[in-house]
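Here come two complexes built around chain A, the first alongside chain B, the second alongside chain C.
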Partner chain A sequence: MLEAKNLTKRYGSHTALNKLNLSIQPGEIFALLGQNGAGKTTTINLFLGFIEPTEGSASINGISVAENPQEIKKYLAYIPETVMLYPNLTGLENLEYFSSLAGFDYSKKELGGLLTTAGLQAQAFDQRLAGYSKGMRQKVGIAIAVAKKAKVLLLDEPTSGLDPKASNEFSQIIQSLAANGTAILMATHDIFRAKEVASRIGIMKEGNLESVIDASMISANELESLYLKTV
Partner chain B sequence: MKINMKVLFLEIKNFLLGKTVLIGAISLLLFGFYSFYHGNQVIDRQQKTIAFVPDVQKHHLQEIARHGTGKMVGSTAYYPFFYTTNPASPWEKFSIGQRDVNPFTLKVKMLAIEGQLYDSELTNPLTLLVGNLDASFVFIFLFPLLIIAFTYNVLSEEQENGVWKIVRTTSDSIGAAIAGKLLVRLAIILTTTLLVFLTAVVALQLPVSAPTFQLLLVVLLYVLFWFTISVLVIALGKSSSFNATTLVCIWIFLAILFPGVANIAVNNSIPVPEAAETAIRQREGYHAKWDQPKKPTMEKFYAVYPQYRKYAISEDKYSPGWYYAMQFSGDLESANSSEKLFEKLMQRQTLSERIARFNPVIAAQQSLNKVANTDLTSHIRYLQSVKAHHRQIREYFYPFIFEDTPTESINWAGYPAYRPNQYLQEPVRGGMIAILIWAAGSLIAAQILFKRNFIKIKDIQNA
Partner chain C sequence: MHFKFITIIARQEWASIFRSKIPLALFSVLLVVSLLATFTGWQYVSKFNHQQKNAHQQVHDQWMSQPNRHPHRVAHYGYMVFREKSPLSFFDFGLDSYVGNSVFLEAHRQNTVNMSEAGFSNGMLRFGELSMAMVLQLLVPLFIIFIGFQTISGLKQNGVLKILLCQKASYLDILIGKTAGLTAVVWALFLPLLLVSLIAGNLLITGEIQGETLLRTLLLTFLYALYFLIITILVVAVSAMSKSSKNALMVLVLIWMLFFIVIPKSAQSLGGSLHEAPGKIAFEQAIEQDVSEQGDSHDPDDPHFASLKANTLKKYGVDSISHLPVNYGALVMQEGENISSNIFNEHFDRLISIYKSQNAVSSVLSFIDPYLAIRNISMNLSGTDFDSFTAFQKQTEKYRFEKTKKLNEIHLTQIKYQNDSKQKVSAKNWQEQPDFAFQPLTINQNLTAGGLSLTALLAWVLAGFGALTYVSSKRAYQL
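Our next item is the complex of A and B:
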């Protein structure tokens, strides 16, 4: 569903991402670990079509991102580190706005259902987004992804700054999305969260994908020592 | 590119709930209300003065006739003033133009006319720089600022706070998403324009007729022009602060700097020394006549009015017939430079209209002044009507002067009445086309830039 072939991004003489080869299947959660500047966000931005690859290609559902930046948007949803939405609109209105923007037409009831699925408490639906906590905004972001029926979900450090409970809820939701066949690529700093949620884990260093581990084959402690050894 | 109604509705809601909109709209409305008050006040005061004129004229002439009892018309005719007025068109409250600078009533004596016309210097044909805070000022100078405030951050703010990432990855079509956001702003700007204009129509009691619609059309095109300029700058894909600074600079350039420079350029390329020169020539022509033989002066007069040849003019004695013939020949001597003055003024008008093609701000101001009949051309028409009236007066009194009629035996108010100029519908199509072309041009350029900076993949930090 998600595929990178020799994907490379250079800024002048600096190589942000070097010959990444990666394939993520529907239902799979792939976690990218690595220090700041290791190339995690670059990878995600290349899949999003925010930046152009210097070499190689990123494709979604078999479609090249660089060649069809608009078409691939149909398949993907994106949740950045901080989900920013329209502060003057309520949570429900934000969801309505973005799902309509994606070409879907939901009733108010369906929109409420989506927010509930994403874990947002009902009394927050009609409050302006300006008053939302980060975790609540993150949930609206998930609801938008779900409303879009995205086949691919790209997450850039989605749980950083969330309290443990919110972070846990978030993990449960993306696991259930994966169970429904969504391919998920997630960049994170949180080793334990990665081990708990992901099916596979990649460790990056200076633009290279150093190692890929099956999450079920490794304990959190082993993962941590491998991580520290790699970086 | 399909734009979803739900999206538009929520976009409007999100925009209207922002603080800028309310503050911007309210301050503009306040300025609008003040401008209506100001326009009403300036023009009402003028109209009141004009309304006094017939009475003043009547009493003045009665007084003159009373004082002159027992004397001849020839000596009494030196004293009376004859009043002319230039009443405001119904649209002048909207665009005062040069009416506050140029005289709206002129009183002339039967003496040589040229020295009596130029009370003010006719040197600012563009009506460029900030004058009255009238309705046209609100539309020409303040509306662009409102448009800038409403649009400068339409996309950049979303890029800066991160909403844009979600918009980009969620939307079916980025083009449609951008168009939707811009359309919402445009709709709100146009609504505000219509609202302020409608208030102007009511507050200034503009008649619901063609000129009012011309004003509206000019204003709408002008607002559209500034919107497209804003869109063009937005399409560069730069930061909010860059957009705001650039747009304000464009505003300063187009609304203040350019007209100022253009004004100097027009004045320098078509100098008009003739206003002063005409007055001087006329005075010199007149003064010299006292010491010259009377015959040549009379011949000049007879050339135009041969019917008075039959009256004897003494060569060594003062006579009223000679005195007025002398006044008339003074005018004849300055006629040439007087014509040149009007011609040069019209040249200035033509040149400034040509310059306006390059600046929609000037084009719009000129068009509004034309519709309101407050531009230089209108004032020249007034001066010409005063000259024509002056001739009628002279020709009415000449027979009595040459016949040596006693003051009391003529009707001093019997001269042909002054007829103020009628409203003249001047063509404003040229100005409107210029504004439209600039708007269309910047829209096309904006479209190209949008494709490059927003639709295609581009390596930008805050993508």
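Our next item is the complex of A and C:
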């Protein structure tokens, strides 16, 4: 579903991402670990088509991102570290706005259903986003992704700054999305969360994907020491 | 481009502007300022026209109540003509404050237009007058900058743009949608205000709405709509090219200063130095010199007048001017009038063409500064432009020439050569002469004069959409 072949991005002499080879299947959650500047966000931006690769290619559903930046938007959804959206609009209005721009015309009831799926409590639907907690905004972000019926979900440090309960809820939701066949790429600092939720974990350092581990084969502690050794 | 997405984005932009209080607060300030400008403009113009009407009446009464006189004394008595301010001059003062509105007409002399507001400046002018046109041309762009500078850059900073771009709408849809929404807000706030002020002010000043004035009003409204669209496109484009709202605001304020202060001032001095115009004294001296070279009617040996004398004697078959059936003195005077009037017109046309070349510089610069475009075309349509002023000067000279010619004809046929100055003719002779009425330029003439600025304005709209398309195609402007 998601594929990188020798994906490389250089800014002048600085190599932000070096020959990344990665393939993520439908239903799989791939967690990218690494320090700031390791190339996680560059990878996500390359898949989103916001930057052009220097070498190699990124493709989604077999379609090259660099060549068809508009086409691949159909398949993917993106949730940033902080979902800001429109603070003046209610949760429901935000979802309505973004899903209409994705070409969907949902009824109020369907929109409410999507927010419920994303784990937002019903009494928050009609409150302005300005009063939402970070976790609640994140859930609206998920609802927007679900509303798009995206086959690929790209998450950039989605759980940073969430309280443990919100973080746990978040994990459950993306796991259920994966169970429905969504391919998920998640950049994160949270080793514990990565081990909990991901099927595979990659550790990046200075633009290189140093190691890829099957999450079921490693304990959180082992993962932590491997991470510390790598970076 | 998806029309549906553009509409959705435009609607959201409209709603979010009206949800916030700052735009409306800014608008109320501008509303008060423009109403004030309209009110003072209307008051000034109606007072001015009223005063002029009185002055004109006085001049006319004096002219009519002259006793039976020698026609040449009448020619020297002189007449004063006035130009009423155009019905839309309250909206855009244009050059009106700097050029005059009245001329003293007399025999032998081509006086230039006198009595400008700047000449009588009471200080207000030095501070800069505030007309409604100025509010719309200078302050509304600032308003657009303030409501629009973060329209895209703000979304970049909080990451919403990325999410937006991951939906189905393209970046171009977003840029055009934002432009449409902002433009709709600006139009909704200012165009009705413009239209109502123009119609109300015009009704108050002239007491009626003429078809042509209505057409001018509608054209002005349309052109200001285009102008606001251009500024909005510019704001959206800069916002889309900026990494942060702070940068966008800084760049936009710089552009504002460039467009509204630097380029207009430079256009003026550039025009002045490229096409240097003579001063008033030099202008008059040059005319005097040419006239004295052509022929001096007071010099009996002057060759030009010597040949005139010979030809006249031959024509009537007599050997002395005292035997002529017509008054030779009047003939000489008319000949002098013909010469000086021709020379004046030549010089004046040359002067006008210099000024026109100066103005052309600012018309050409309209292609790099939309403010110059709207400023020029707005003046044209309000009848306060340079061409309206020159039309007045030319019409007065024509009127003066014909009035004097008529008096010379009376002199020629009704006054005997012998004992010339002791004779009188009936006052009826000049009482029957038509009064002066300024014929303003037609809308077609105004539009022709503003053709270049009009083209510039349309070119800006096209270039604006071109720029949005370009910005939307660059990945670098999406992050």
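Simple rule for what comes next: the second predicted complex is superposed on the first by the 231 of 231 C-alpha atoms of A that agree within 3 Å, B and C clash if a C-alpha of one lies under 4 Å from a C-alpha of the other, contacts with A are read in each partner's own complex, and residues count from 1 in each chain.
As a convention for this text, contacts are C-beta pairs under 8 Å (C-beta built on N, C-alpha and C of every residue); 3 or more make two chains touch, one makes a residue touch a chain.
Everything numeric here is computed off the predicted structure, so don't read it as measured data.
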Which of chain B and chain C A:G181 touches, first, second, both or neither: neither
A:G141 touches, of chain B and chain C: first, second, both or neither? both
Partner chain(s) touched by A:Q70 [first = chain B, second = chain C, both, neither]: both
Partner chain in contact with A:S100 - chain B first, chain C second, else both or neither: both
First (chain B), second (chain C), both or neither touched by A:L48: both
Footprint overlap on chain A, comparing chain B with chain C: 45, 48-52, 69-70, 73-74, 76-78, 80, 82-86, 88, 97-98, 100-103, 141, 144, 148
Chain A partner contacts - residues on chain B that touch it in the complex: 4, 6-7, 10-11, 13-14, 17-18, 161-163, 165-174, 177, 455-459, 463
List of chain C residues in touch with chain A within their complex: 5, 8-9, 12, 16, 19-20, 158-160, 162-170, 475, 478-479
Partner chain C, residues of chain A touching it in the complex: 45, 48-52, 69-70, 73-74, 76-86, 88, 97-103, 141, 144, 148
Interface residues, chain A side, partner chain B - complex: 11, 45, 48-52, 66, 69-70, 73-74, 76-78, 80, 82-86, 88-89, 93, 96-98, 100-103, 105, 141, 144, 148, 154
